[in-house]
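The two complexes that follow have chain A in common; it is paired with chain B in the first and with chain C in the second.
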Partner chain A sequence: MTNLEKYTNVFAEIFGISEKQIEKLKYQDIKQWDSVGHMTLIAKLEETFDIMMDTEDIIGLSSFEKGKEIMAKYGIEIK
Partner chain B sequence: MVLKLSNFENKKAVITEDNKNITYSEILFNCDELVKHIKKRCLVLLLSSNTIGSLVGYIGFLNNNIVPLMLDSKIDNSLLQKFLYLYKPDYIYLPSEITEKFTNLKNIYSNLNYSLLKTDYNSGFELNDELALLLTTSGSTGSPKLVRQSYNNIKANTESIVEFLKINETEITITTLPMSYTYGLSVINSHLYAGATIVLTEKTLMHKEFWQQFKINGVTSFAGVPYIYEMLAKLRFFGMKLPSLKTMTQAGGKLSFELHKKFAEWAENNKKKFIVMYGQTEATARMSYLPHQRSLQKCGSIGIAIPGGKFYLADSKGNKITSDETVGELVYEGDNVSLGYAESGLDLCKADEMNKRLFTGDLAKFDKDGYYYIVGRKKRFLKIFGNRINLDETEELIRSSFSGIQCVCGGIDDLMYIFITDDSKKEKILKFIAEKTGLNQTAFRIKTIEQIPKNESGKTLYSELSKYYDKV
Partner chain C sequence: MIKFNTVLEKHPFCMLKQEKTLFLNETLKQLTLFHYKNCDKYKKILDSLDFNPNAIDNYYNIPFLPVSLFKELDLLSVNRNDVFKIMTSSGTTGQAVSKIYLDKTTAVNQQKILVKIVSDFIGSSRIPMLIIDSPSVIKDRANFSARGAGILGFSIFGTDITYALDDNMKINISAIENFLEKHKTKQILLFGFTFMIWQHFYKELKKLNNKIDFSRSMLIHGGGWKKLINESVSRKEFKKALKDICGLTKVYDYYGMVEQTGCVYMECEYEHLHSSIFSDVITRRYNDFSSCNIGEKGIVQVVSILPQSYPGHSLLTEDEGIILGEDDCPCGRKGKYFQILGRLGNAEIRGCSDTYAAKFR
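Let's turn to the complex of A and B:
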């Protein structure tokens, strides 16, 4: 599985939505992505890519796109 | 007048999300403008948010003998309709951006991004003279049951909170909880009563902007339910630099022993105060607090009764327990014990039914120094993100909406297990229950089991359910 597939799967699994919806998704766009959903998302991303994110990056991950940039900071290229 | 804001005139009462400062006199001016449009004492449905428009509505109504029924503005629409039908308010006061939900109602006044709509009801039900405010028991369950709070309840609890938290004019707090939630509202009441400043924000802990507002405005205190403290821990809170912060309060459910200890230790090492409290909507908001000096020594405790209140424990026969380390039902007495419940508008004329005594439904013990500890619950409910969710009511809600379904609920705080026998309904039920309760779907885990464990007489064996819980 590519990193992009893994990354997309995390969003799909946590929020229970289709891949189409995911690409443009931003924090609080859907009910599932509230502060509780956000914490679950962060935990799952950290587990999937075996990383530990900084506070700034946890609160900076405000969209599916933005998350890709943040993952890159931890040496995870989402492609 | 419950909240006498006139003492503070030009003092800053509110800082909005777009950094506008609003004084106490400006709030009062806007309250007066609003209530001019309501001729007499009546019921208003207030769809609240952490914004200035919502705050002006709440204070304006409360101080002018108009009774607000407060619900979160993001409430599920079918539940909102149920409230309207059951309580028949004369007006709806709501964010202007959602007035389109009620295109058939006349908009009679708009200000500060809030609008006042006239409903077709006129004094649908008689209101008891003492009735000041109606709140849901949990903040967001699917139940239309409300707690009836009196003017005296709010005054008594607010004065007590200001006293034990020592809130004064120099405090600056920030909203972290919904205004329609009793704990969130008590933060607002106590800070306005003391002439302090409130940063009103709809942003959450997970927004960069929240922390910017926190730092720019030099916030001195915030409040949190257990899941907020869990988030803070995951956000690496202990490494954050927040020099202005002085006080953190916690209520809305039991924090794990480990987290209580961590925050108490951090507070002590960084010269902050960490104050654990205990409360219920039925007691207006707060019933006890653990003085910050004892936060580490009495870790896991809800502390002692607030000024003006009293605790005792009752055994199964209702007798007072006098020995320490003995479990009984926690009973509270004080002027903040609400008038009682309402199941529909017919109950709004009722006088006080509680006589200042509340059987909390929580099982507790006290230690030799008189500090109380919650050890369990008499009734079947969970605390999910600070909201009390009744398990029997949830079962009933699912059964009535999915005909023929077999369903029982169990679980632990912040994680409800819903057991069903028909696997094909799993996803539908998850979506349904998240929508109805307004809670994030990660709070629910649906499990399919062969059959619901029952005894010979057909009673569900709830104690058997825990074996199906996932290992943490």
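Let's turn to the complex of A and C:
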């Protein structure tokens, strides 16, 4: 599985939504991505890519796209 | 409105009195004008006091709403469609709960400011975290209790977030032991509410024979002392009891309320609660609400630059406190530092809000 597939799967699994919805998704766009969902998402991303994010990046991860940039900071190329 | 990004670049305890006063005068004036324009009920309140928000020259003069007003009235300064989350107080003082309406911007700012403030005390690296509460507290996601909001807000500092109590508030010893085993050599963050810690953690640990070692941990707790005062447990006894039962020595209280989530007042190593540049504490005299001097006991007023979706930027609490000093705490943090003495007999304050509420319903 590519990193992009893994990354997309995390969102799909945590929020229970389709891939099509995911691409443009931003924090708080859907009910599931609230502060509770956010912490679940972070935990799952950290587990999937075996990283530990800084608090600033946790707050900064405000969209599916933005998350890709943040993953790159931890050496994870989402492609 | 306030440019939060520039505010956020500042160190949370960097401003001396003069600079902070200028900053709060300007910011809180803007907020007052914003709420005056966008919240009918708030406007009526200020109008009835003959208060002109354009004339604000000092934030001490901005009217304060009693916190209990949020139990009586739906107060919001944004369109209902923009309300993303409603937070409620835990309602320990009666049946009515406060309802705080959050839009996305306010909710995000709350989290950002919380991180800024708390990081200054515990550092910015995340550590394994044990929450002394039940996971059921955050199950209803659209309606957050004060407890749920606190737990979530602080969760950002944790990794491997584990709950020490089960859904029925029973202590989960095997979960705690597994957690400690996994993080044997690391510092651990414990978080919880003062009474829950006492009732469901300390008392249960006391019943057990096997000693659990939390000597590498630090505990952050909040939520007030009211119930413990009823059980005649003082701060000193609380700390000593935790040290005796599980070796916990780093115990830090914080003061905060759901009506001003994000702007917490953390206790430093000298047992002083600190106000950051994002908020301030003013104590007021009982007879005429004039502001107290340093060292004089009074009713606590809190102001915060965070509330944008609801007019909660200047509130009179139901707590008594003393400002201990300003800009000169030995810990080095600037701003006021203070102590909370406990709850007021809340008859006067309730009376006050009842009058308000009756007027503006």
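General observations
Basically, the second predicted complex is superposed on the first by the 79 of 79 C-alpha atoms of A that agree within 3 Å, B and C clash if a C-alpha of one lies under 4 Å from a C-alpha of the other, contacts with A are read in each partner's own complex, and residues count from 1 in each chain.
Operating definition for what follows: contacts are C-beta pairs under 8 Å (C-beta built on N, C-alpha and C of every residue); 3 or more make two chains touch, one makes a residue touch a chain.
Because the structure is predicted, anything quoted here is derived from the model rather than measured.
Once chain A of one complex is fitted onto chain A of the other, the partner contacts of A:T55 extend to both chain B and chain C. In the superposition on chain A, A:A43 contacts both chain B and chain C. Of the two partner chains, chain B is the only one touched by A:I14; chain C is not. Look at A:K31: by the touch rule set out above, it reaches both chain B and chain C. On chain A, the surface patch touched by chain B in one complex and by chain C in the other comprises residues 27, 31, 34-37, 39, 43, 54-55, 58-59.
Note for the complex: chain C touches chain A at residues 84-85, 104, 107-108, 111-112, 115, 119, 124-126, 138, 141-142, 152-153, 155-157, 159, 161. Interface of chain B with chain A (complex): residues 204-208, 210-211, 227, 230-231, 234-237, 239-240, 385, 427, 430-431, 434-435, 439-443. Considering their complex, residues 27-28, 31, 34-37, 39, 43, 46, 52-56, 58-59 of chain A touch chain C. Partner chain B is touched in their complex by these residues of chain A: 14, 16, 27, 31-32, 34-40, 42-43, 54-55, 58-60, 62.
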